[in-house]
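Letters A, B, C, D and E mark the chains as written, and numbering starts fresh at 1 in each.
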Amino acid sequence: MSDAVLEIKSLDVDYGLGADAVHAVQDVNLTLHRGEVLGLAGESGSGKSTLAYGLTRLLPPPGVIAGGEVIYHQDNGDTADIMRMTDAELRRFRWAQTAIVFQGAMNSLNPVHKISTQLTDVIKAHDPASTPRSRLGRAREMLSLVGISADRLDSYPHQLSGGMRQRVMIGMALALDPRIVIMDEPTTALDVVIQRQILGQLIDLRERLGFSVLFITHDLSLLVEFSDRIAIMYGGRIVEEAPAADIYRDSLHPYSDGLLHSFPALRGPRRELTGIPGSPPDLRAMPTGCAFHPRCPKAFDPCAADLPVLGVPESHTAGQQRTVACWLHPIH
Amino acid sequence: MSYLLRRVAFYVFTAWAAITLNFFIPRMIPGDPVQSLITKARGQMTSDAIASLYVLFGLDPKESVFSQYFKYWGQLLRGDLGLSFTFFPSQVSEVIGQALPWTLALVGITTVIGFVIGTALGTLAGWRRGSWIDALIPVTTFLSSIPYFWLGLIAIALLTGPDSFFPAGNGYDTGLVPNWDWEFIGSAVQHGLLPAITILISSMAGWILSMRNMMVTVAAEDYVTVAHAKGLPERRVMVGYAARNALLPNVSGFALSLGFIVGGTLLVEIVFSYPGLGFLLYQGVGSKDYPLLQGIFLIITLSVLLANFVADLAYMLLDPRTRREG
Amino acid sequence: MTASSMKSSASATTEVVLEADGLTKHFPVRKRGREVLSRVTRMVQAVDDVSLTLRRGRVTALVGESGSGKSTVARLLAQLYPRTAGEVKLHGKPVTATSGKRFRAYSRQVQMIFQDPFASLNPVHTVRYHLTRALKIHNRAGASKEDLENALTGLLARVQLTPPERYIDKFPHELSGGQRQRVAIARALGADPEVLLADEPVSMLDVSIRLGVLNLLRDLKERLHLAILYITHDIASARYFADETMVMYAGRVVEGGDSETVTQQPAHPYTQLLIDSAPDPDQIAGYRTSEKDRGSGEPPSLINPPSGCRFHPRCPHVMERCKTDLPPRFDISDGHFAACWLYDKEKA
Amino acid sequence: ANTKSASNGVLNVGMPNGPQTENNNPFLNTSASRSLGYARVIYEPLVMYNEVKAGDNTAPWLAAKWEWSDNYRKIVFTIRDNVKWSDGKALTADDVAYTFQLLRDNPGLNTDSVKYKDIAASGNQVTLGFEASQFVNQKKILEQFVVPKHQWSTFSAPTTETVKNPIGSGPFTLKTFTPQTVTLTAREGYWQDAPAIKEMRYTSYTDNQAQTTALATGAAEWSFVFIPNYQAVYTSKDPQHYKLWFPPVLGIHGLWFNTKVAPWDNKFLRRAVNMVVNRDDIFLQGEAGYFYPKVDNITGIPTPAGEPFIAPEYKDKKATMDVAGAKQLLTGNGFTYAGNVLNDPTGKPVKITLTVPSGWSDYVTDLEIIKDNLKDIGIEATVDKANQDAWAKALDTGDFQGALHWTNNGNTPYDIYQSIMDGALFKPVGTGGINGNFGRYENPAATAALSEYANAPDDAARTKAMNELQKIFVEDMPAVITSAANAGGEYSTKNWTGWPDGQNQYAPAQPTLENALDIVMRLKPAS
Amino acid sequence: MATPTIVDATPAAAVKVKRQRLRFVANPKAAVGLTMMGIFILLAIIGPWISPYDPSARSNALVEGPSAEHWLGTTHLGQDIFSQLLSGTRSVILVGLLAGVIATILSLLIGVTSGYLSGTAAEGLSALSNVFLVIPALPLIIIITSILPKTTDVTIALVIGLTSWAWGARVLRAQTLSLRRRDYVEAARATGESTWRIIIFEIMPNLTAVIASNFIGTVIFAVTSEITLAFIGVNTSGDNWNWGTILFWAQSQQALAQGAWWWFVPAGLAIALLGTALALLNFGIDEFVSPRLRGNGKSKVKTVDGDTVRMRVGFTPVLGFGRKDEP
């Protein structure tokens, strides 16, 4: 695998301050490599979105970054910690380096501005020297890149279908040639047919443009097909991280296993579906030890007592690039 | 243009309703209007004069309501609102025409300025929650709870006086002849300042508050986050994304609450003896000048309708979703 | 349980409970602008000529993309909308009640579960209120307080919300999504219906909770021999939980048959597209651009639906005929049919 | 504020009447010219009549001479011949006759309702003939102003004419009109010596408060307005110059009883009330110590204007507070007390509802005082503040128990008594359209005396009738008179002197009355 | 009611009901508003009894400033202004509440019906409320009340109530429209509930916040209207004191010019305070309905560098490197 573009180091994200704080993301370490699609999965409330917004510092109040670093590696080898950027630096950094595509495209596009305005104002903000004509040209280019005819430039968001809007968002995300695109459930509101169209297009573009993708969804079967690597979150922590195929074929963490056995498969033999018993943890009253232990079919003594650390499991070689946080799989 | 058409239909209907209501108002009066006029004179008129007044007004109660109604419409279409009692035999339309410009200027300008400033402050307050400007909110709440007229009274008590820059009443210096010269305009502005400030203080608070709340709501919308994520300059995000959207409900709120605002501002005119419709209304009430009251009510309603329509048009321009094609 | 208790469970599994024949629903579109002057009212042809049968003890899945008219079918079956045309037969008898006593009698037998468990329970009422109302409306609350209490406990037990006292006095917001959906199901069961119309009962639920609710539905089917209409857009879940599957496209049923057959050997090009598009973990990193353009274009407008086969503008196998003639159902194999000219045997 | 004032020959007059519309019709008291008073300096009366003065109260003006004959059924005016209209035409007897014809032919203009019959002009004389004696209407006829025939004959509807360009014989002509201020300038060619005032500005202030402020700051130098606590608000601001003078005229305000409602049909009860009403409080608190002057003669005739008319037996009879006497009067006439409560002869507690328009603050105050006073003799009163229309209607139809109201005024106390006691005006309770006698007072003797007075052939008969009327009134007390009607004003002697006052009672100091012209002519710049 | 607060009853917000009461009072604005309102209502009840003088009783202390005998001074008739203020509270509160109740009932009837039912009747009702909304209410009220032969508190309240329901009806209609297609309403229908039961038991309870905020808005409007009417002399009937009557007398006796500030300042302040109390209550409701509006305690945080920054959208503050409060 190629080198890292983004390194998340022991990132903590809270909602609220002091004793009332909800620790929505805890001690997350994650590396995004150049050109890869990193999938982030986990059930609702596990902290996926919080992580994504937290690392870009877009989390609205009462969210705060309680600690950690997010190191961005520039092409020239320089690094910058997003957490230490000033507002102005952040503004310059955003979109030029990391773009975000949100879940609901209708809500991501400003309903009162034309598509063209929304495409060009970001170019203008980062390249004030550009001419309106060149900006418009770029906007047109981006639209055709995502398969929308340029005459849609003058449309307002409400005049486009859901799929088209989502594509506009993707086009907008790519307008400044960012190194990283973060996508938070970009297709859950869409139809499977359109979902496939859009994601197919995105893969194409990635191959051509070479950006990295952090892809968030709770649809594991989609992730497995779509991403290179997958990280599974539970209760605000990463519990397993591995190449997609490894997770699918040989998940180590019982929670990953449970997730995978919650999806009916369309093709192939009928698998047995076991699901995951119990309900997601309450972030305010997290179980001790491994947060998953109350629901874990394989829980044993240490699970309730101690927090398992994420690491390369003993049973695997370090070269395999997978980590897990489970007492069943002691780490090196 | 469906939206526009629907609105137009609505305005036509409302105008009709208001006019019809207006027709029935004097028909609800106990006794007859002339009696009120006589009463008003209070000793300045001998009781023998009554007879002559009946002759003057030529009241004919023996007509069917229907034909009266049609007659009324006919008169309206000719711009004839009847004769004022107080200023007999002046036409009500003439009396109102004299007062209307003042109200339009005072109420119109202050309402718009109040809306603009209030919205701007509300935008800032909502955007910078917790900053000093947000601390304005309780103060403005208190101010907006004060009835317009009382604030006006206090302003008069505190700020006017023989040596004060602010005159205590009237629309312009006595002795000046309304004219488009600087002396007159300056005087009119000087006289309008205090009432205007009163209206501004009272009315602005509402806008600040609703705009602030809308801003807080809108600031949490995804597209605002996206705008931040796009690295747009803060001003652009605040104005182009957050405020632009937060404004929409405020504009339609503006249109709808015009009726309330006008009601409130009329009182300011009363307190400041400003020669506008509000003061005329007050005079009309005091002297039971029903034709005048009717006329004022009609004109106010129609003006509010018109203003509403303008606000609607503004809304249409602001919100592309209402501009849906065919 | 009235009629059903007399029959043996063997024969019961095939007994038709609810039938829809040529069900059609057109919603008028609000007139705009100049149209006000014209006499023609435009219609959203949300559901067109849909026929289906629900059998005792069987789950029938209705799949299709968003906006294809699935919910409308369910609501028509529940008599929540007046229908434009067609017939609904309960135990072979046509029903027309949309209000009043007759509707109540109908709703006793046909109950509906809504897509969103977060929205289908009134936030201001407790679980007890919801269930008590369901029982009371259908006179199943019993004479005494105890009867009612027993009935409530029974209901909660049936949807595996045990112990009942832990849930009975809770407000919806105090329950998890899965629990809420169970309460919604319990409410439907409160009428002791024969038919359950489940409109996307799990699409709003978390992956790990979905399964529990679906398993519960299956369990109910097996224990209570309910006829269940399972509406979803997740065709994979239809494969797993439904005995039969019908596929809708733009207000029409385009294919139907045994679930396994429909999902594994889809006949209609739309079904094929749908199945092709569904994420497939076995095809790891399979998101490369496929050679063939997958179903280009957008779902059709239902106000001016395409003539002939409604899928023809997007269909890779489109023929001249598709553009003009509406394809009828063609039987492909036992119970498996598709409304597509490709299967017109006479043509060949 | 604007205080660039009158030293340069300008007199600033103010009235609290709100913005005006341009209407200079001198006949209509709704017109701006009448409500602000500037009609008085444009149009001139035939005779200047001073109603505050008893006797010797007429002075020739446009008419050099006038003569009544035929027991006040005929009058001959001799018109001056050096008078010119402001457009230069001469004022002739024809103009005078035409003015009276206008009044006769247009009841809408004839707000005094004088019944003119024959009108004839010959030479410089105008002769008017009447059906009945006009003794009681003398003032109205003498005071009539004159309009130019050559202008008014062109008006098709004089009753709704707004006379945009008034032509008068007075010393001033209209210069500019704005809703707020009307400016008049002294004209050339006035028949008398030109007034010292070169320009008059009539400003219509929006309300009493604004008018008071204007007076207090000197922006207005002459006005007629009610000022509560006038010392504090007005005169104290410049005690040397700021003056007010409100002499009474022959009209009154009083508490009218509905004499058809028991127990108020009982004259002893009414007289008892008269004995406890505190007129001092009413004068000082309700009328701010000046506005409607106190009337304390028991006959209700305001003094000094009515002095000559008061019967010898009542000359010094003052209405004074006498609670004990009142109680005695009551208990002596069938009324009883149960504790503090007065019961009428039938045993019912005596109560009264006093009706008043809600916004009339002085009346309300007066009634509050009366209510308190009534408590002293065990009568429970309620002040019912009604809507003005409702109040007017209640009085019109007799649907009230007690109410404050005014009477007409004139050149004799006849108008007062006629308003209160005339049986000719009587209409039964429930019937409206009444022109006075709101109390439904029925006494043939009073009616006869009134008619006697109006038509008496000579002064002796008139005196007799007047004495009779006073006797009936004092005996029956159909209304309790509280205050006199006034004809006064506030003025400042800072820039102009020569105003009428207690020492020099040549005219009532009200800018809207006919006498305003007289005052204007006499004002001189302060040295 | 110049504040057009758009009440946004999002389903998520409407969900929390149980904790409602406590949470509502926990809101500092609501708590202050509630306390102030409580005092006003208490005064409305006991005011006339505890007032030291008969508010109409005259004395010889004419236009005197505040003193030990007359805490807020006297009028031109020597009446005790403090007593007038106390006694006047009842009328103000009564008219406000009564008009509020009338308008709220009307707006409920009209708003909810036109929202829930469809068809011409509903459209007609909606058009009616729009008409009433646009017609300026205060001039209409002034004209109607000045025409009425006799005005008591009740008639005033009636007139205000009958003319000021439109705003509420509109808001309620919009809310009902959005609730009407909610699943739980449909579900209730599918269960077999009757229409009226759905309206009363399923829809109305979810409108409580809107109804309450609307009620308060109308009360504010009614109070100011009543006072305005009294002030311009339309309603000074009977011996019924209200704050507007005090101001009317102050104005007609030119208290300002007389320097009798005690005559009009307390009444005006009382109005402003009552208005503030009601406005605070309304904020409480707004914030309660739309949690986003709630002030979230601390708005400033200390960052790594020891700077204090404001929490705001778009720039999440970074507290430090490592969670400090972690054991």
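The rule we apply is simple: contacts are C-beta pairs under 8 Å (C-beta built on N, C-alpha and C of every residue); 3 or more make two chains touch, one makes a residue touch a chain.
Only a predicted model underlies this, so the values are computations on that prediction, with no experimental measurement involved.
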item	value
For chain D, the least number of touch steps when starting out from chain B	1
B-E compared against D-E, more contacting pairs	B-E
Chain centre separation (chain A, chain E; CA means) in Å	47
Centroid distance [mean C-alpha coordinates] between chain C and chain A, Å	33
Rounded Å distance, chain A centre to chain D centre (Cα mean)	92
For chain B paired with chain C, centre-to-centre distance based on mean C-alpha positions, whole Å	55
Overlap residues in chain A, where contacts from two or more other chains coincide	53, 58, 60-61, 87, 90
Residue numbers of chain D (touch at least two other chains)	209, 213, 359, 389-390, 393
Contacts with 2+ other chains: residues of chain E	146-147, 149, 233-234, 251, 256, 299, 311-315
Residues of chain A that touch chain B when the two form their complex	53, 56, 58, 60-61, 87, 90-96, 99-100, 102-104, 107-114, 121-122, 125-126, 156, 158, 172
Chain D-facing residues of chain E, complex	56-58, 62-63, 76-77, 146-151, 233-239, 248-249, 251-254, 256-259
Interface residues, chain A side, partner chain E - complex	10, 12, 14, 16-19, 21, 23, 53-54, 57-69, 83-84, 87, 90
Chain D residues touching chain E - in the complex, by the definition given at the top	208-209, 212-213, 216, 227-229, 232-233, 285, 358-359, 361, 364-365, 368-369, 372, 382-387, 389-390, 393
Touching residues on chain E, where the partner in the complex is chain C	11, 14-18, 182-193, 195, 201-202, 205-206, 208
